[in-house]
Amino acid sequence: MTNLLLFPILIPILTASVLLFFPKRIAAQRAVTVVGLVASIIAALFLLRTVMTDGVQAVTLGSWPAPFGISMVSDPLSVSLVLTSLLITLGVVVYSFRSIGEGREKYFYYPAILFMLTGINGSFTTGDIFNLFVFFEVLLLASYLLIVLGGEKRQLRESIKYILVNVVSSAFFVTTVAMLYSVVGSLNMADIAEKVTEIGQSGILTVIAVMLILVFGLKGAIFPLYFWLPGSYAAPPVPVLALFGALLTKVGVYAIIRTVTLLFPHDPGFTHELLMILAILTVIAGCIGALAYYDLKQIVIYNIIIAVGVILFGVAQMNMAGLEGAVFYLIHDMLIKAGLFMLIGVIIAITGTSNLREMGGLMKTYPGLAWTWLVAAFGLAGIPPLSGFFGKLLIVQGAFEADNLWGGIIILASSLIVLLSVIRIFIHAFWGEPMPVKGTSAGIYRGLLIPAVLVTALTVFYGVGTEWLRPLMWDAAEILHQPSIYIDAVLKE
Amino acid sequence: MYAVFVIFLPFIMAALLPPVHRLIGDRLIGWYVMAVPLILFAALVRLIPRIADGEIVSASYAWIPDAGIDLAVRIDGLGMIFALLITGVGTLVALYSIYYLSPRESLGHFYVYLLLFMGAMLGVVFSDNLMLLYTFWELTSISSFLLIAFWYHRKGSRYGAQKAMLITVMGGVSMLAGFLMLYFMTGTFSISEIIGMRESLSGAPLLIPAMVLILLGAFTKSVQFPFHIWLPDAMEAPTPVSAYLHSATMVKAGIYLVALFTPLFGGLESWFWSLSIAGIVTLLWGAFNAMKQNDLKALLAYSTISQLGLIMSLLGFGSVALSESAAGDPTAYAAAGFAAFFYLLNHSTFKGLLFMVVGIVDHEIGTRDIRRLGGLMSFMPVTFTFAVIGSFSMAGLPPFNGFLSKEMFFGAAVDVASGQPFAGGAEVLFPVVGWLASVFTFVYCTIIVYRTFLGPSQPEKIDRVPHEAPKGMLVAPGILAALVIVIFFFPNVVGKYVIGPAMSVMFPELSRQADLVPKIEAWHGFNLPLLMTFGVIALGLLLFITFRHWKKVYRVAPFRWTMDSIYRSMLGAGEAGSTILTDLYMTGRSRDYFAFIYLFFLVTVGGMLFLTGAFDPDFTRGPVGIFEISFVIIMAFAAIAMLFVRSRITATLLNGVLGYSVAIFFVFFRAPDLALTQTVIETVTTVLFLLCFHFLPEWKPEDSPLRTKVVNGIIAVGAGTLVTAFGLTVQGYDVYESISGYFEDSYKLAGGSNIVNAILGDFRAFDTMLEVVVLFIAGIGVYTLIALKPKKGGDDVEGK
Amino acid sequence: MKSSDVILQTATKVVFFLIFLFAIHIFFAGHYTPGGGFVGGLLTASAIVLLLLAFDLKTVSRALPFNYTIMIAIGLLLALGTASASILFDVPFFTHAYDYFDLPLFGETSLHSAMLFDLGVYLVVVGATMNIILTIGSDD
């Protein structure tokens, strides 16, 4: 199947188009969405198997030779990110049944999610820098739709900032692509990488690399470009927040990874040093933010920023341990953030507030929620053998190997702040004197909790099953470390 | 297999507990739990002869083999001591809990946590892989967290749980960093392999940092000054938990860690000083603070702190034996290590006993505040006897085991003060400080006995009629009390079978050359340690009698300082500072956000442009015609004018000027397709603008302060200049071959002579399709934005 | 947007057809000269906008009774379907096919599957633009 790697992108877009024919029939919307997602997951699993057995998959659309048409490339990193995104989306969609409300469901909620997923999976799969821009636009437009959907006052206020910042960042992106094309004369990432390797990474390309870090850093919320994130992510309802928090920043992170490993790995003195400094600052800034709030959403949102810093710090080490750790941590973080956001959604549904000071004693009435939260919290903080541990371990090993002793120690120390921030939620919300709560029906509670528990369980398997995942992660990291594997796979035709 | 079974039995039983609980009910569940440590204790006792022969029981299963992380388990003499404590005290504590906890409590949770802890703790002492050890180490912190907050509706419990967890996990994380450094140096996580590399590691630059980080882990867990502050707050836990975790086992994990790494770090000067000084300071500070406590459990907590300091310092003294430059016989120093283990065992017996006594008092009287207690001897004679045995042992009086170990401590302190090889001078203080701490210990032991059981009875201050505890509750302390006495009379059995094997693990080479198990004798002649004991009793009695008069010393600095207040203010300042800092830049104004973005752009990209030396503007490309120049001027004029206009319609028109001028540039550059598209788009946009017009609010001019305007203006001009400079620089590069030539053959390749359309519809049709999707999403976005509006006055609460 | 200017209305009727025909022309011409589905769609939309300006919303909706959302969906599926045909032949996605035909009226023409794709693009562009304009225009 030449086009197998496109299926996880095309099935969502096809499903979304079909959904447009009957927007008001909620049951059909839900059913078709789930079917589409399951089909995409199956396709992604096949793709995963193909990539693991036959190596990197690449297809250049329209049967054109490689640097001229648009190449789509699926390597272990791409396919695992695609699969993770699909699984998370499925979880969030099921979670939405009981939480998003009929109004939104009748107004293109599911098509918007599927379009966003198209953009996300496309960004993970494309091997063409301009096509990446286009996929970014797809996911951004869909995210604009999701962030305003419902039209609550706060949503509108925050979405305008979100849209403005992203328009500026898109302008930067397209400018950078223009500069890049003007210098290198190609848009195909493998082709660019090969040319840069052959002829050398001149100074101007390093500047362009930094431009790309800026562009993707805005999406990925690195220091000091994350300021738009806490406000705008907190505006939409929890399922949308869960999708944004789990997936969107990771697209930026992924793009940075490709930039510094595939396109411009030759001048680490500038690019990687800068990236490492920014990553450490990101971690610190995220930690400060995570302690500053007594709001459930804000606490977890700032934890996104910390994780972005940790991942990029791993990438900046540019050795196998650091890269593999970054890949491990990246996928862990997507899963765990989805789980955490879904869980705080349950808490908010029960208590009617996201202010920690106004809740307490939920342990007695909702023990299942409490234990799931605790497991997720420990997973996030990287308590072994849960999912956050191994990635962070490798990242710190990578740091030690690269002689970045202090950086490694800061990354470890950040775990403590992470733990404090989420354990505070546990202590305040689940322990303590019970507070009068709004309460929710058992049906809604179960409908919300079950998908949240499943996603959390997934993270636990991810942690415990580290050994089974290692070959995949190792291959992913190896391609980042040895981009020639990627380049050859694309340009071989 | 056997070893793995030992660790996992508690976990399995914990997993099975909920269904079993439902099956057998509250009454029997405690016995189910007690069976676990009892079986394990029996199993371990059966192993003692083999371990004493120097055999090591080990097993290893792959977990993440490529990363060197295995389920490697190893039972040796060192782990054995601790495992015997964990299972032995565990059995007694479980027995005691059966009577202590009322069936109204959530027993299921309690016992699950307890079993989790037991398994984790056994895991810590039996792991032969650093990562496995770390895993179990954190699990002990977590189960301790859950147990401290067992009564989670109390504020103190929650506070104590969080504090204990934060401090011990902090230690755990730093320990992890230390472990990773060891891995970096040795390439293995296997503890036995790392220990075996002692020679090759000496002088490695990361050895000392790794040591410091690992010690941080040990010190936080084993409550060494100044990390001891979590222990008094942990006393919020039910008393069986305090007896078990917070005196007998978990707080000794740090001791275990130090003993485990003694073969690696022992002999290093910094190792000796760190342990000795931390231990001695903790010993003194703990004992000093214990005297002023009114809560019996807090008193015991400080006494635990103090005695863990004592053990830590003994391990420091003992490590001298591994130094190559130690004067005299190294086995003499090794005796300090022996004393450490002996004290460790004795401490678990008498401190466990005292905790259970306090638990009984609390349980039967309803308070453990010594200001409300007194004269209980006649009501609870058995408990009183236990209290006397425990306290006298702790105070170091014969005929109790505490006497023997305290004498050995004095002996070791004197030895190290007279002959240790590391220049310093502080060592002469060790025996003096140790002796002083013992005096304090004597004082608070007397306080426990006198203020609780002797003295005047105060029935008006307690709510219940005092009476003896139920018999079942007295069994566990009874066994401990018996042990306290038995060990005094038969110390050498313990020395030979339990401590000896541990010594050969801690001093592997030395133990092959000499017998490191000294003969313990209650009567060792009139020597210095004995005289010191007499001094302790004399001064102790004096201080106790005059306690009321010198008590005010606690109000004088630095004695009134508590590390606790520092922790509180740090945590508070951390949160408050974070809030202030975050609010500072999270202004919520898009204007500021743009300033951040462009400033960052200027600094990084601008910086890079010059740092890399890439800046090289190229002005050679073609002549710039008069038309181009005039349109540039028009566009610049329109753009600048837009900043100053006062009506929206003018701004819209100026925006149109910009758009159509761009279209004209496309014409100049011979791109009719683009010019056409741009023109149509500009038209449609303007129409849209007109459609929206009457919805828009009044146009209000910006009212930011001048300074902001100037700064933002500079940033804006800077960003524009930078993009221009960048663009000019990019012009000059043509070292790479462009792909654009290929598309000139579009008729042949794609059957279309319009290159642009061939690219849009064929070469890059995918982009086109997606852009169309983008347009479409924008369409439904606008549609939903207008069609789906919340009801007026609707709130923003989640989930309807 | 109510208007009853007879001159404007009469002129619009003519201009509308002129623009519309031009849009169709541009759509078909795209393969050889400037044009294509995207611009064609936009032009068509602007022609309808002109109608809107001259007449009121109701009249236009009656004259052009399209459900634009459905139009978009059809357009999307057409574009996607053209591209996806290649999946059936197991050649890379978006591989187009074309040949030259001698058609009456048009002379020798290349019929190209890209044309079908362009038609999809055209429909989506018209639909989406109209969707936006109508939604904003009809809101009060």
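Should a chain be cited, it is by its letter among A, B and C, assigned in written order, with residues numbered from 1 in that chain.
Here is the rule we use: a contact is a pair of C-beta atoms (placed from the backbone, for glycine too) under 8 Å apart; a residue touches a chain by one contact, two chains touch by 3 or more.
Worth saying up front: this structure is predicted, and the values here are computed from it rather than measured.
Among the pairs A-B and A-C, the greater number of C-beta contacts is found at A-B.
Relative to the centroid of all protein Cα atoms, the closest per-chain Cα centroid is that of A. With centres defined as mean CA coordinates, chain C is found 64 Å away from chain B.
Separating the centre of chain A from that of chain B, both taken as means of CA atoms, is a distance of 27 Å. Centre to centre, using the average C-alpha position, chain A and chain C are separated by 37 Å. Within chain B, contacts with two or more other chains are made by residues 762, 765-766, 773, 778, 780, 783, 787.
Among all residues of chain A, those that touch two or more other chains are 13, 61-62, 69. Along chain C, residues 69, 72, 76, 80, 93-94, 96 each make contact with two or more other chains. Residue ranges on chain B touching chain C, taken from their complex, read 672-673, 676-677, 680-681, 683-684, 687-688, 691-692, 695, 750-754, 756-758, 760-762, 765-766, 768-769, 772-773, 775-776, 778-780, 782-783, 786-787.
Residues 13, 61-62, 64, 67-70, 98-101, 103-104, 106-108, 111-112, 115, 118, 122, 130-131, 134-135, 137-138, 141-142, 144-145, 148-155, 160-161, 164-165, 168-169, 172, 175, 179, 181-188, 191, 195, 199, 202-204, 206-207, 210-211, 213-214, 218, 224-225, 227-228, 230-231, 237-238, 267, 270, 274, 288-293, 345, 348-349, 352-354, 361, 363, 378, 381, 383-385, 390, 393-394, 396-397, 400-401, 405, 408-409, 412-413, 415-416, 419-420, 423-424, 427, 430-433, 444, 466-467, 470, 474 of chain A touch chain B in their complex. Residues of chain C that touch chain A in their complex: 69-70, 72-73, 76-77, 80, 84, 86-87, 90-96.
Listed in rising order, the residues of chain C touching chain B in the complex are 1, 26, 30-39, 42-43, 45-46, 49, 53, 68-69, 72, 75-76, 79-80, 83, 93-94, 96, 98, 110, 112, 114, 117-118, 120-121, 124-125, 127-129, 131-133, 135-137, 139. The touching residues of chain A, when paired with chain C in their complex, are 1-3, 6, 10, 13-14, 17-18, 20-21, 23, 59-63, 69, 72.
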